[in-house]
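Shared between the two complexes below is chain A, which pairs with chain B and chain C, respectively.
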Partner chain A sequence: MAQATLARARPGAGGPPSGAPPKRRRRAGWLLLLAPVVVFDVLLFLTPLGKLIGSSFTGGAYARVLADPLVTRSLVNTLSIALTSTAVTVVLGYVIALVLWRSGTVMRVILFAVVLLPFWTGILVKNFAWAVLLQDNGLVNGFLHNIGLINAPLPLLHNRFAVIVGMVHCLLPYAVFPIFSSLAAIDGRLALAARSLGAREAAVFRRITLPLSAPGISAAGLLVFIISTGFFITPVVMGGPGDMMIANEIDYYARQLTDFPGAAALAVILTVLVSIIAAVYQRVLKAGGQHETL
Partner chain B sequence: MSTPTIAPTARQPGTATARKGAIELRQVRKTYGEVVAVDRLDLSIQPGEFVTLLGPSGSGKTTTMMMVAGFEEHTSGSVMIDGAPVDSLPPRERNLGVVFQNYALFPHMSARENVEFALRMRRVPKAESRRRADDALDRVGLAGLGGRKPRQLSGGQQQRVALARALVFNPAALLLDEPMAALDKRLREHMQEEIKALQKSLGISVLFVTHDQDEAMAMSDRIVVMKDGRIVQSGPPEEVYNHPVTDWVASFLGDTNLIPATVISREGGEAVVDLGGLGAGRVRDRGARGDKYAVSIRPEHLTFRVAPGRENSGTGELVSSTNLGATIRHRIMAGGRELQLRELSSNGGAAGQPAGATVHVGWDADKAQLLVLEG
Partner chain C sequence: MSNNFSPVYNRRSLLKAAAFAPLAGLALSGCSTKSSSSAPANSTVTVTSYGGSYNDQLTQTILNPFAKQSGIKPTLLANTSLAGLKAQVQSGDVQWDLVEITAPEYETAVAEGLLEKFDYNIISDKGLPGYAKADYGIKYLSFLFVMAWDERVIPDGKAPSDWAQFFDQNRFSTKRSIYNQLSDSSVLEAALLADGVPFEKIYPLDVDRALRVLGQHPGKDKLLYHSTNQEPIQQLTSGEVALSTSFNNRINAARADGAKLNFTPQNAVLAGDYFVVPKGAKNKEAAFKLMNFMSNDAEAGAAFDKVTNLTLANTPALSKLPKEIADSLPTSPKLAEKILLRDDKWWAQNLKQTEQKFKLWQAS
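And then the complex of A and B:
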């Protein structure tokens, strides 16, 4: 048996002179199809990335940026803002996904449109719209003042709260869709079975729906976190001086200080940091939630 | 509201469930907009009775079961369990064990956790619920497999888990929705016997939903044949099979020869009919009334005769004989109609006759049934 397979394997591996050309030509054809992507990737992604990493190691850039207190501050900001907005986004996204999942066809279409609309709107537009709503004489403060709840405007803009509001709004679709798709994959009869076995709605949710949608939650969490670490416009438009994130710092190094190796070093630090967090997150999930993955 | 069923473990068969599990439907009706899914249905299941709702898809059988379980709200009428109306009770308070078509096992829980679920919902202490779950798994032949996840179990084992899960909390009755549909034929027959034996030993009433007439015949105390949201016929399996009230029931439950008949007289459970080309007949009459009549004779009730008879018989030409293994199917043209005759291969019988031979056939009066031709 082993010999037979060996004998049969040989022509494919070594290739008799007569059979080789067409096979090799077909292979070459496949490689040719890959060429545009490879060229595109090498030219526009790998080369700049390599140059960036290379330049980050010139002139003691790492020592310089890590000694900058503004850098450490913005790194801490990035992590804390990203984690907070991820948590808020996933919770809100879960609620929206749950409502979407439970609603009828017409309602579902309307809600999907509402969720997708910010997805299609530019981030600048969304952030300025929020600025209009949240500023001192904006809609929210105006309304609260008119109904007599407040005398002086609440500080709703140019602070951490505003940054998180703006980011959550942008990030929501990234949480809603993975969670919704994992909810939609749950067999509707499981809830019926649970109810027939004596479960109230709360128990059905806690013991059936929530654990079975956990893969969606963890996927949403990772996706939203990675995206949220790269926010640049929102801290500028809606944050205060103390809410600058790492992307703003990179911008500062590149444009104000024209310290390109420093900017490159910051970019590498961010990438490595996010990769480590993502890897740990997935390792923890794999260990803790083995039964969730079907 | 959930009554903690602590006292009797499900171990003692029959005792705790002696006079429990009567289900009654009174004039139950279910409409979806204009569509009538179930129309003024009356049905009563005695404690310990195995009742099957049999019908094609769209006949309202599953809807009926869903209304009993409480998953569907009926438009009008009333559902009672053990004499008390349950119309306003949610499923969790009806105390019914439900087995779904694809079992609906919780995929993220082990077999034992699945079975324990109902006990946990009833706040049964951990140690006791674990013991009872293991007992239930033991009873369905899955001892030692409690730690497996549903996906690690075969189809038959999954069904056993579903059964254990539905029985572990001593429900008033068991509702089974086409539970064997996903199993292969051999396993299906095995599970039919097992479920039937389990039901008997527990003395629990069962409402069973299926479109498979063999399954209905094999398991039921009573078959309720449904069509278009109504009950067409209800009775013990042999009665429904041997004495269908309409041609539709006769052909839904197995093969039959339907011979249009003109009623000459009917009296004392017997009717004298004119069967056209087949001459006079004397058949069973259960009083069905309609515009047009036919006589139904099952292929296995038609037999070869050595000579022509005066009634309940015919003479014709053997068209074909097909050996089906255990039985032989003969087609005979007699009196202008093609008749099917089925006999055991071991009989030999007319098997030797070549196609084209002249043969005589006949049937016993009590094996032929006068029924209504539905249009």
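And then the complex of A and C:
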């Protein structure tokens, strides 16, 4: 009995039975759904962020931080490392996404597993695994030495190269998935039509696949770049002292110098810098005729 | 009719509940953290140190006997830092009661007003050697900053006996690992000793000269850096380096675990750490009681010295030690000729600039 009324009541509650008031009530209900997120964001994100920004303006932190040659250096490092690893990641990610897209079901499952496994592995584990492979007496140098290619170990660890390797490995899934989804959305009949008109594979790729997957590429580029500016542990484990990124500098200010306003100022500088770059990037893409970015 | 509305009401109240659930969760968790730490004050004490083998030794020789004798339950954490202490004092939520910091950090903490004054009515200073007693802390520990090597690569007979040999690229072509910070380590002193500066002329430290020396022998490409005390043990045992700076107790602990490492007290640098109580610590009295036990209990002190090969600031313990152990302690008069005494005062005044210079040198 009660169930029957419930079943009848549900469509009534969902539909617009009698003018405006229920509609407004409905909208309020939907807005209420946002409340947990809003509470969560305000309490745990915006409040600390506000405090951080506030504290960055105490005691002349910006002047102090910007006069520090280590800060300039780590900012330059951050930008150059992030740009390099973004470029490498997007190119490699595109190739993987392309193969994923073109392969059959079995191959696709295997490839997805290969991409996803590192995604599910902790970054520390991944970085230490690379360190074991790349160190002077590690697997790579040992192998090259055993087959007689080298006499002295190659410097593979504790340098810029190693940092890029470690970062690209962590970033790849973030490039593969947006690119793959934009490839998967391409209508297969376009390629068929092109081929039927005599287009070679290279032309199909250049004139159909690449332009239609461009939104995926630009989304991947932005996502990967933003993530890569915040790397902390990879420069520590795999880099040398010259590869210090801004996150390491923030840690140094907070823990070694116990200069909390300085650390806060650095965090704000990084956020502003990345926001500007992201905005410019989107503007440039829009001007170039793209409209779908993150 | 009313039946028609009841599901709507149910949905709304559900939404309300959903909206406030996170708040309720927060409130609950807030309550629970409070109730767990508001167990009777001074029945527990939270101690922080540097972790690894040293924390095990501290627990075994000092904290466990103290718990048995006093009924106070100590918790030992491995993440001690001046930054952590400062953040807690500034936020007013002090979780740590007894915190280990380096000697230059002690001066900084005093200058910034982060510490509780030590109560020498609770702590008897009878057992304290002269250098240890301070207003806001006790320099409870003395250790040696030493050169260590991997015996599998460098047999003891060929091992370095001073810093000049340690850094000499012609003698050892392997990489060396050095500590990447200066608050705890004496890398720059080592470089100056390697360059032939006599002990008594090391301070005031000629930082530029020290860095120049390091850049020439062994050269930056032959240097690796470690950032924790336990890291050199891993780097040495994994074969990543064959020479490293370290501390005498760390190498001893690794040897006791079967690692083929060794060190020499020759040319070592004698330095110390403080225990301090952060301003507003919840279990201040328990912390002072622990300090009293640590500084005066002869049995526990002797066990600590024996296991760690470090000197605890606890004079009664010395008489309980076998002669060969007493002679090998960092503060032993037998070693005084061979080692450099770190100048805490110079470091307290110059730590930040020097750290900055060292970091910049590493990065360029």
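By our rule, the second predicted complex is superposed on the first by the 254 of 294 C-alpha atoms of A that agree within 3 Å, B and C clash if a C-alpha of one lies under 4 Å from a C-alpha of the other, contacts with A are read in each partner's own complex, and residues count from 1 in each chain.
Definition applied: a residue touches a chain if its C-beta (ideal position, glycine included) is under 8 Å from a C-beta of that chain, and two chains touch if they have at least 3 such contacts.
Note that this is a predicted model, so its numbers are computed, not measured.
Student: Could you tell me if A:A199 is touching chain B, chain C, both of them or neither one (first, second, both, neither)?
Tutor: After superposition on chain A, A:A199 lies in contact with chain B alone.
Student: Given the touch rule stated above, what does A:Q256 touch, chain B (first), chain C (second), both, or neither?
Tutor: Touch partner of A:Q256: chain C, not chain B.
Student: Which holds for A:L210: it touches chain B only (first), chain C only (second), both, or neither?
Tutor: Neither: A:L210 stays clear of chain B and chain C.
Student: Return first, second, both or neither, reflecting whether A:I226 touches chain B, chain C, both chains, or no partner chain.
Tutor: neither
Student: For A:L33, is the partner it touches chain B (first), chain C (second), both, or none of the two (neither)?
Tutor: It touches chain C, and chain B stays clear.
Student: For A:L52 in the superposed arrangement: first (chain B), second (chain C), both or neither?
Tutor: It touches nothing on chain B or chain C.
Student: Return first, second, both or neither, reflecting whether A:L79 touches chain B, chain C, both chains, or no partner chain.
Tutor: neither
Student: A:N137 contacts which: chain B (first), chain C (second), both, neither?
Tutor: second
Student: With both structures superposed, pick whichever of chain B and chain C touches the larger number of chain A residues.
Tutor: C
Student: Touching chain A in the complex: which residues of chain B?
Tutor: Going by the criterion above, the answer is residues 2, 69-71, 90-92, 94, 96-98, 100-102, 104-108, 117-118, 121-122, 149, 151, 165-166, 169.
Student: Provide the residue numbers of chain C that touch chain A in the complex, in ascending order.
Tutor: Spelled out, the residues of chain C in touch with chain A are 3-4, 6-8, 11-12, 15-16, 18-23, 26, 81-83, 86-87, 90, 108, 175, 180-181, 183, 221, 224-225, 227, 238-240, 352, 355-356, 359-360, 362-364.
Student: What residues on chain A touch chain B, complex-wise?
Tutor: 187, 189-190, 192-200, 203, 207-208, 211-212, 291-292, 294
Student: Within their complex, state which residues of chain A touch chain C.
Tutor: Contact set of chain A toward chain C: 5-6, 9-10, 12-13, 29, 32-33, 35-36, 39-40, 43, 68-70, 73-74, 135-137, 155, 158, 236, 241-242, 244, 252, 254-258, 260.
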